[in-house]
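Handing you this structure, nothing more for now.
Per-chain residue numbering starts at 1, and chain names A, B, C and D are given in the order in which the chains are listed.
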C-alpha cells in the first residue's frame, strides 16, 4: 500500500465540508473546500428499458434533473452533484447512457447560465463483468462498453467518474452470509485490490485524457450489502462493521492509482479514506432511507463533503416527484452543516459532536465511524506492509473498539452479537502478513469453480 | 381573547422538546417534557375505498403501523405518535375510521408490551362540513358522523384528538388567490374563531368524558395552503407569512376551550401558540418534503416537541415502505435534538441557533419563525381586546420585521414581492379594533352566496 | 381604431377593470376595459376582433408572464376580471351568434374531492384563452359531466383530483363519458395525477398546469 | 431408535455437520448429522422417517428461530449444511423412489438481474422445508424456466427480482410459463415486488421473505 501514514491525524480535523485536498469542478464546485453540497441519486420507477420505452426513459431523467435543479435554485443551493448510476441496458448499449448524460448536462448548463447554480454529473457505469459467472475481470468483452460509456459520457458532460466495481464479489457474497471474515479479507484485500488496480489505471488514464475527474469507487457490494443484511438481522452487526473497515484497503487503490475524490457514498468507507488520503468524500445517512435503512443516520455526515440519498425512484409523492423531495431534504441537511461551517469552530464542533454522539453507541457500525475511532482504525490500516495485513489490523482494532465500548457499558449488544466477537478475532488473528502466504492458506478453502485466479493476475 | 400575555417571554426559552405545560400520555410519552418525539403521518396509495377494498385498506394501515413501530424499536426510539388523519369515507362511515384506530392501537399496545416502546395515536377526522356549499357549520348533518368518529375512536384507542377545521374557508380560498388580506382576517379572526369556539367546546367535552387528550387544531386550509401556493410562486411569500401569523388567533381558540396540546403541525402556527399558551406543539419541515415543499425546513424544528412528516403514501421505495423510511428520517432528526437536550444548554442553544440561522433570512415565512420574532409577534397577538385587533397587530409587526430584515440587507426579496408590502400594510391598517365594526366593513365586500352568517352565530 | 384595441389589450393585460378601480396604480384614473370596450363597440370595431385582437392576446401575455413567474395569481385574476368586464359588453353578440368562442370547456373536481383551488385556476386560464367555461364545481360524478356534455355538445371535459383515493374515480368517469358520449376529449390534472395514470384510465391528455391545459385545448380548437 | 432421530434433529438444528466439525462449540467432539444418519439407516429407521421426523422438523425449528430473529443466517446455513450431509446419505433412496420430497421448486433471478443473495436464501429455506430445488441462477429468461418445468413436471416456480427495471420482466416470464405449461404455480419475490404487482402480472403468490415462501409451498403440497 502506498499510504504509510495519515493526512489527517487529529479527529478534530476530520470535519464535514473540509478536506485537505479539495476537488474543483468545471462549473465551480469546490468539494471539500469549506462547503457541503447535496449529491442527488435517482433511478427509474418500475418500467423496462427497450426500444419502445427509450423516449420515456430519457423523459424521466430530464424530469428528474429539471425538478431537482429547479428546487435547488429555489432553496439558494450552493451547488449540487447529480449522480447518474447506470442500469444494465445503459452500459450494455453505451449510447443510451451517453444520451442521458447529455440530457442532464444540458439542464445543468442551463441552470448554471440562467441562475448561476453550479452542478456536475457523477457518471457511475455499473460493472457489467459480473454478468459472466465466473466473472472474467480482465478479459471480459463487457469491459469495452463500460469503458466506452466512460469515454463518451465524459465528452457528453460527465465530470466525475465513479464505479462500484465488483472484483472479489464472487467469493464475498457467500462469505457475507456465512460470516466468514477470512474469506472477506481474501475477497477485498487480495481480489478486490488487484481488480481495483487493473480497473482504475484505465479509468484514471481516461479521465486524464479528457481533463475530467477520476473520483472514486465504493465497495457497495461488500460494505453496503453487509449493512443491509445486518439491518435485516440476517448477519451480526459486529461482522458488518468489520466488513466496512476491511473494504478500506480495497477502495483506497483507486486513489493510489490517481483518483482524487469525491469518493462515492455507499459503502461508508469514506471517512477512513479521507483521514488517510485527504480526499473529499460523499456519504449518505438518514436521508438515504429511501434506498436503505441504516444505523448510522446522523454519524455518517460527521465528515462528509457531499451528502447523498443513495437512490430514489422517479415516482410521485404528495408534494411532487420523489427526487425533487429528496433534493430538498438533502439541501436542508447541507444548509445546517454549512451554517455551522460559517459560524465558526465552536459551532461546527458542537454540531459534529451532536451528530456523532446521537448515534455512536447505538450500533457497532456507527461506533467505528466516530472521528476518533476513524483515526484510530486508519492508523492501523496503514501500518503494515501488505493490504492483507492492513485489513487484518484495521479489523482487529475495530474489535478492540467494540469491546471497549461494551466494557464501558456505553454500548449494549445482545449475546447473539457478542458471541461472534471472539470467533471473528480468532479468525482474523490467523491471517498472515504476507499476501502469498494468505492466498496459499485460503485457496483450499474456496470453491475454485467460483472465480478465475488468472483474472486477478494470480 | 383569553390570553393577555405570554407564558414564554424569552426567546431562549422557546426550545425544542421543552414546553411549560407538557402533556403526558397513557403509554408514558411526556410531550414537551424534555424530549422530541417523531410524529409519523401517512395515507393510502392510489386506490378507492369501498366495500371491495376495505380489507386492503385495513391491511395498509396495519402494514404502516407495524413497519413504523418495528423501525422505531430498532432505532431505540424514545416514543412515537402516529397521526391518523382520516379520508372522507372513514369519517362519513365512522366504523371504518374506528376499525383502523383499533388495528393500529393493537399494534401500538403490542410494541409497548413487548419492547416498551411508547406510542399514541392522534386521531384527526377530516372536517366533513365543507361538503355542503355553502357549508352549514353548526346545523350540518355531517357533524354527527364526525363526532361519532371522535367518540368511538377514543374508545378504540385514539388518545390525542385533533382536527383541521375549515370554518371560514369558504371566503378565505378566494382571498388567498386574490392576496386579499382583509378578507383573510375576516375568515380567520371572525369566522374561524367563531367556528373553533363552537367545535372545540364539543371536542374538549368529549375528550374529558373519556379521559382523553384534546390536542389542537391547525389552520391547514389557510396557513399551509398559503405556503404551498407561495412555493408554487402563485402568491407572494410575504403574504403567506402574514396568513400564518393571522391564523394564530383562530387556532388559539382550541386552547381557550380547553385543548392542551400537542398542537397539530401543518399550518406552522405552533411556535406562537407555544409562546402564548405554553402547550407543546408538533411541527414539520424538511422531513415533510414528501407532503409539500417548504422554505422552512430547518427553522420549523427550532421549538417543536413533536416532529412530523405531514403525510406520505404507503408505497414502496427501494428500502421498503415509504412510511417506514420516513419513520427512520424523523427518528434521526429527533435523535439529534434529543442529544442536544441531553448535552446541556450550550449544545441545545447552538443547535437551535444553527437550525434558525440556516433558514431565517431565506424567506419571510422562515423569518417570522425565529424564536426572537415569534416572541415579538406573539406579544402583539395578545395585546388587543379582540381577535380581530390581535390578528391585525400581529400581521403589522410581521411586516415591520420583514421590512427591517430587508433594510438591514440580510434578507433579499424580488420587487414582485416587496411591491406587496405597502399594499398589505395599508389594507391591514384599515381594519378596526372592534369585531362588529369590522364585520360591517367586510360584509358588503364579500359574496353573500358563499357563506351563511347564522352558521357562525352572526 | 387600432389604438382602442391596443388600449384594451393593455387594460386587460394589467388588470384595469374600470375607470374608478385603483388597480393598477400606473393606470390610475384612466379608462378600464369596461369603458374601452364600450367605445370600441361604438366605434364599430367588430366584437370578434375585440375578442381575438385584444382580449385573447392580452390573456396570452398574462399567461406567459405567469408561467415565467413574472406575475402572481392575484395579478392574473385582475386581468381575468378586466376581461370579464369586457365580455359583459360583448355578451349580446355571443347570444346573437356574431362571435364565437373556441369551444366549451366543462370542468369539475372529481366525486369525493373538494379541492378546487387548482381547478379554478385552470378554468380561469382556459377562459382567458377564449373558451366558454362550464364549471361544475366540486364532488362531481359521471352523471353531471354527462349531463353537461348533453347540454354542450362537442365540449371538451376537464377533471381535477387532489386525493390518491379520489383520483381513481376519474377512471370510472372517463369510461362512463366515453361510453355515453363517444369521441369526447378528456383532459385530466391535479397534484397526484400523472401521464402514466392518464394513459391507464384512457383519458386523452394530462397537463401539470393551466398553461398545459390551454395549449392542449388550443391545439384541439385549431 | 427414537433417540437417534432426536439426536439427528438436534445435530441439524444446531448445525453439527460431522464429528470433526468444530461448530457448534457445545457439540464439540460429538457425532454430526453425517454419522448419525449412517447409524440411523443401519439401525433400520426408514429414510422417509429420517426426512420427516428429523430433518424437516429440525429445519422448521431453524426457520422459526430465524424468523424470530433468534439466530443469524450463518447459523441457518450451518443447519442447511448439516441437513445436506444427511441428505447425501439418503440420496440413493430418493433415486430408488423410497422417499419422496414434497415436490420440486424451480427458482431463478429474472433476466437482466444479478442479485441473488435473497434468492439463495429462499432456495435454502425451501430445501430445508423438504422440497427438491432446481436453482437456475441469475439472469434467467422464460425459456430456461420453461425448459426446467419440462424436465420437472408439476414443479412450482419461484422468481426473484431486485431492480425496478427487471421486475417488469417477471410479467413476460409469467405469461410465457402460463401459456406453455398451464397450471404452473408461480411465486414471486424480491425487494421492489409487492402483492399488487403480483396480482397485476398474474403470478400466484407473493412472499416478502423465505418463511412466507415455505408456508405457501407447504400449503400447496398438502
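Keep in mind that, in the parts below, contacts are C-beta pairs under 8 Å (C-beta built on N, C-alpha and C of every residue); 3 or more make two chains touch, one makes a residue touch a chain.
Everything quoted here is computed from the prediction, not taken from an experiment.
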{"item": "Smallest count of steps, each to a touching chain, taking chain A to chain D", "value": "1"}
{"item": "Pair sharing more residue contacts (C-beta pairs) when B-C is set against B-D", "value": "B-C"}
{"item": "Between chain B and chain C, centroid-to-centroid distance (C-alpha), Å", "value": "34"}
{"item": "Centroid distance [mean C-alpha coordinates] between chain C and chain A, Å", "value": "51"}
{"item": "Euclidean distance of C-alpha centroids - chain C vs chain D, Å", "value": "63"}
{"item": "Multi-partner residues of chain B (at least 2 other chains)", "value": "43, 313, 318, 320"}
{"item": "Chain C: positions in contact with at least two other chains", "value": "164, 192"}
{"item": "Chain-level touch network, classified as line, ring, star, complete or other", "value": "other"}
{"item": "Chain-chain contacts as defined at top", "value": "A-B, A-C, A-D, B-C, B-D"}
{"item": "In the complex with chain D, residue positions of chain A that touch it", "value": "43-49, 87-89, 130-131, 133, 173, 176-180, 225, 229, 233-236, 313, 416"}
{"item": "In the complex, chain A residues that touch chain C", "value": "316, 318, 320"}
{"item": "List of chain C residues in touch with chain B within their complex", "value": "69-74, 77, 112, 114, 116-117, 120-121, 137-139, 163-169, 192, 197"}
{"item": "Chain B residues touching chain A - in the complex, by the definition given at the top", "value": "43, 71, 74-76, 231, 285-287, 289-295, 297-298, 311-313, 315, 317-320, 322, 324-326, 328-329, 331-333, 335-336, 338-340, 343, 346-347, 350-351, 353-355, 357-359, 362"}
{"item": "Footprint of chain A on chain C - complex, ascending", "value": "164, 191-192, 194"}
